[in-house]
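Read from first to last, the chains carry the letters A, B, C and D; within each, the first residue is number 1.
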């Protein structure tokens, strides 16, 4: 395996460090997330909380909004109870249970600024709390809806990658390591730039060290992604993978990280996508089959389910 | 036609694939959109829905907002009817029809948080639904207005291109393939970068294949677009189009895609514009006429209607 | 004047065209705006309207918001009058004048969703209009406040430039054309890139043509703007302005356009600034005096009023 | 000290000027802020006010919001008192003190658009003021919440840097000036670019002048920051710091400014981070110890508290 002939400089990391991969835990997972735990993150941190609120699932988000609404109203209900329900004009409850719900619904009407007025505050204390609550309500709801909109409009790329990398025929008498991708979003992606990083474990004086190096590409950039894009690393003399075998790759826990950068033309934002292939995802001697059809009017139809389709040769 | 002398590598796509153009269906339409259908897009997808809501026409958008408002209020009206109109204090309707409208307008007053209070909820059930509705109303309206503002402020470029490309005199004894453009927006465009991609069908062993290659430009970038910009591809020895004829282009369904990138100085955003020319849009032996006038105070006046004006030589 | 020795290609515009400058009307004004009128702009256009609403003065903006509020309420007041004031419960006016104001203030309470409820709608017609008005009010106010926030948060650079360009001593025995700038905002500007374009009228076969070319700079980019930046064009053998005189510049209506690009570190946005100097702004044989003081604790104090200060030599 | 062998051009500033550092006041502080005072900033300026409101501490921000709410309500309370409390239906206060609070809470209910309606305006004057107040309230609260959301979503990087720079062994028989960093945020940083600027005081003809020059790096850019990044300036023949000693650095008040640029993959925004090291922060003959552990399942665990850990050799 000619990989090891390459000279590495121990300090020349690519931001990945030199920790070997053990037990099949690649640094970049297939879904593009980074497989590293971090200890010592500050517990309370505005940016991290914002990050969590924006990236959590929709179910959790709605649960959080709803439960916050209930909890805050309950808290204010107790405050109004403490001040005395007699300070809420129009509250007609006759026992503590009913008093609580009068106060609770008055709070809900205040915090949402709906303010029907059939219940209204009387006296300094109740009025002050209500004035504060309506102010807080406006700010809190605006924040919630800001988050809601932020979740909707967050710039993301959704790329479908072929499930496998192929070692396929390429030019005359040569081979290339290939994968294929297409856009799963309705937006137009332009100015796409691809970076592929190969990594494997190396035994340096009996100690496992992880090595990383970028693979050269036939084409690193395309102007616009109209259909699919087949990315090719030529397996020629310059490639350290020229004569690689499955056993070589398996033995060194090799993996290939894919880093894609593109420009979302619809929202004028740069977006990124990542994925990774393990050695088990590589198929020798196969080639991709077309993922296109023709409509009756001559328009090309891209079938996104066929992006990963290939035939063995 | 010297185009075919150029060597192509089958894998060297520019993101356009190698599907030939049939029945005059270019990959990029004149309005800049991409002429490809896609099958297999996920049906429910936040980003795609957001994309639709932002890019749909204003008429459709308002219709959607209004009908959502009606539908949601109708739904809540039925819920209040189900709970019983006797739980809405102040509702004076005496038959089911009037009850429905009492509930409907109470719902509207609740969801918009206007809450006049001449109708107000009584009891746990009605109060709970009203509390939930006002909360949902705040979130829904904030989302609608977020979309409204997103539609207003979406970064876009509106470029007017000349309707034709001209084969015009250029320098001494030479010719160039030219088109002209100007900004239709009030914003200032700076740092404009142009990319032009020529494509045609080629017969490879009896099979039609689409070829793409970028055309060299006299100037690929201008610092600021104050007036109009005449983009020139010199038809010199380096140009594969040097001796092209209308028949060459027509027979191969040739087309030229224009990809423009610029920076919107007013809103500090990168914007893009695309268009395409078919061979029928190319005029041989003509040149653009000035699109400028002079004001009485010496100021230059750019007439946007004259961007495409030319004279035959 | 050695400028004319430079060869120009007529098609090689920098986006400025070749129209000569007449009556002292430079293409870029001193405040950075572009001095070109455009005819044929579409009258109704979302992006242009948004642009106007964001860039108009604060006075005009508030006047527009206030007058829209008055006009819309007046319109709705007439609708309620048309439906009949008897459909507004609690309206106590006894003549048409009072009826109008009852309807007007009811409309204001509805559109702002304050909804006190001492006046409330009765019947289908009044209720429907009120429901529609409160919905429109929510959307309109959200749009107004979106604009308000957009005006506040719009990324802009505010650079103070020296009023004059100086022909000052530079290195040993050489001279440079210099100007100085500093940041008038509290934000931090990093990665500043400068482009300077010199232009003048040239007589080509009896016809005035405007020529543009970039001037070489000692340093085109600085990493961070902590204090002030003195931008220098060396007047050496490579400079077409080496031996320029005031008369040369005046006779050709020469001017220098300054295009600055920077990154606003606080809000992570690219910002731009432009200005221009006419030949009357150039001072021969002078140099800038320091614009710095020292605080008692050793901190450097930059005095923004002194950015343009110079002494004649 | 070989630094002084380097030739400097007095006009070749890097945006830092040539003012010497006195009394240990470096231009860039350890927290990345710029240590320069500026006189002559315009007092009233939208962008600077926005900047202050976005960057002030959370405590100050909430205090400002709350006190504005109180002050505006107090102002409107006095206006309603001036118009006469008899124009507020339902206000039951019997002395001036109670009248004030009636007016105050009516104002709060109006500005927050809660509008219970147990107090409601009567007559032209009170109605007009209330209509204006509710409009202003909507705009003011939207602005406050825009700021709130702007504070939450502002793109920032939070990088933890090692407390010290080390002169550590590097390659065979060589040394390097090193520091280490990691990401304290949950977001993913990609495309990191590093710039390091060394500065010191030089005695030029008896006058202290500050010199700045960039240090060459082993690697200026990494594709993605998964773990930590050790940035290395090789102390080889090309380095002006090759044989530097503590005394050299101390005597010239030398310092090293670190400018980091990265792309926040989660929010698609470019972010920056800065810090600086003084000569007292440099440790000779030491090396960083690993900051990684292994989880039981093989995942790498980065311990952010150990980023600065080193051993002396």
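We adopt the following convention: a residue touches a chain if its C-beta (ideal position, glycine included) is under 8 Å from a C-beta of that chain, and two chains touch if they have at least 3 such contacts.
Everything numeric here is computed off the predicted structure, so don't read it as measured data.
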Note: chains that touch subunit A and subunit B both are C, D
Same or different, please, for the subunit B to subunit C contact, judged on whether over half of the interface numbers appear on both copies. different
Which angle of rotation, from 0 to 180°, maps the CA atoms of subunit A onto the equivalent atoms of subunit D, to the nearest 5? 90
Would you kindly tell me how far, in whole Å, the mean C-alpha position of subunit C lies from that of subunit B? 26
Centroid of subunit A to centroid of subunit C, CA atoms only: how many Å? 37
Shared-contact residues (touching 2 or more other chains) in subunit C: 109, 113-117, 142, 146
List the residues on subunit A that touch subunit D in their complex, please. 9-17, 19, 21-25, 27-28, 34-42, 45-48, 50-52, 54-55, 89, 109-110, 113-117, 119-121, 124, 127-128, 130-131, 134-135, 137-139, 142-143, 146-147, 150, 154-155, 195, 197, 259, 261, 269-272, 274
Mind pulling up the subunit A residues that touch subunit C in the complex? 113, 115-117
Can you tell me which positions in subunit A touch subunit B when the two form their complex? 58, 65, 69, 73, 101, 105, 108-109, 112-118, 141-142, 144-146, 148-149, 151-153, 156, 158, 170-171, 176, 182, 184-188, 190-192, 218-219, 222-230, 232, 263, 265-268, 292-295, 297-305
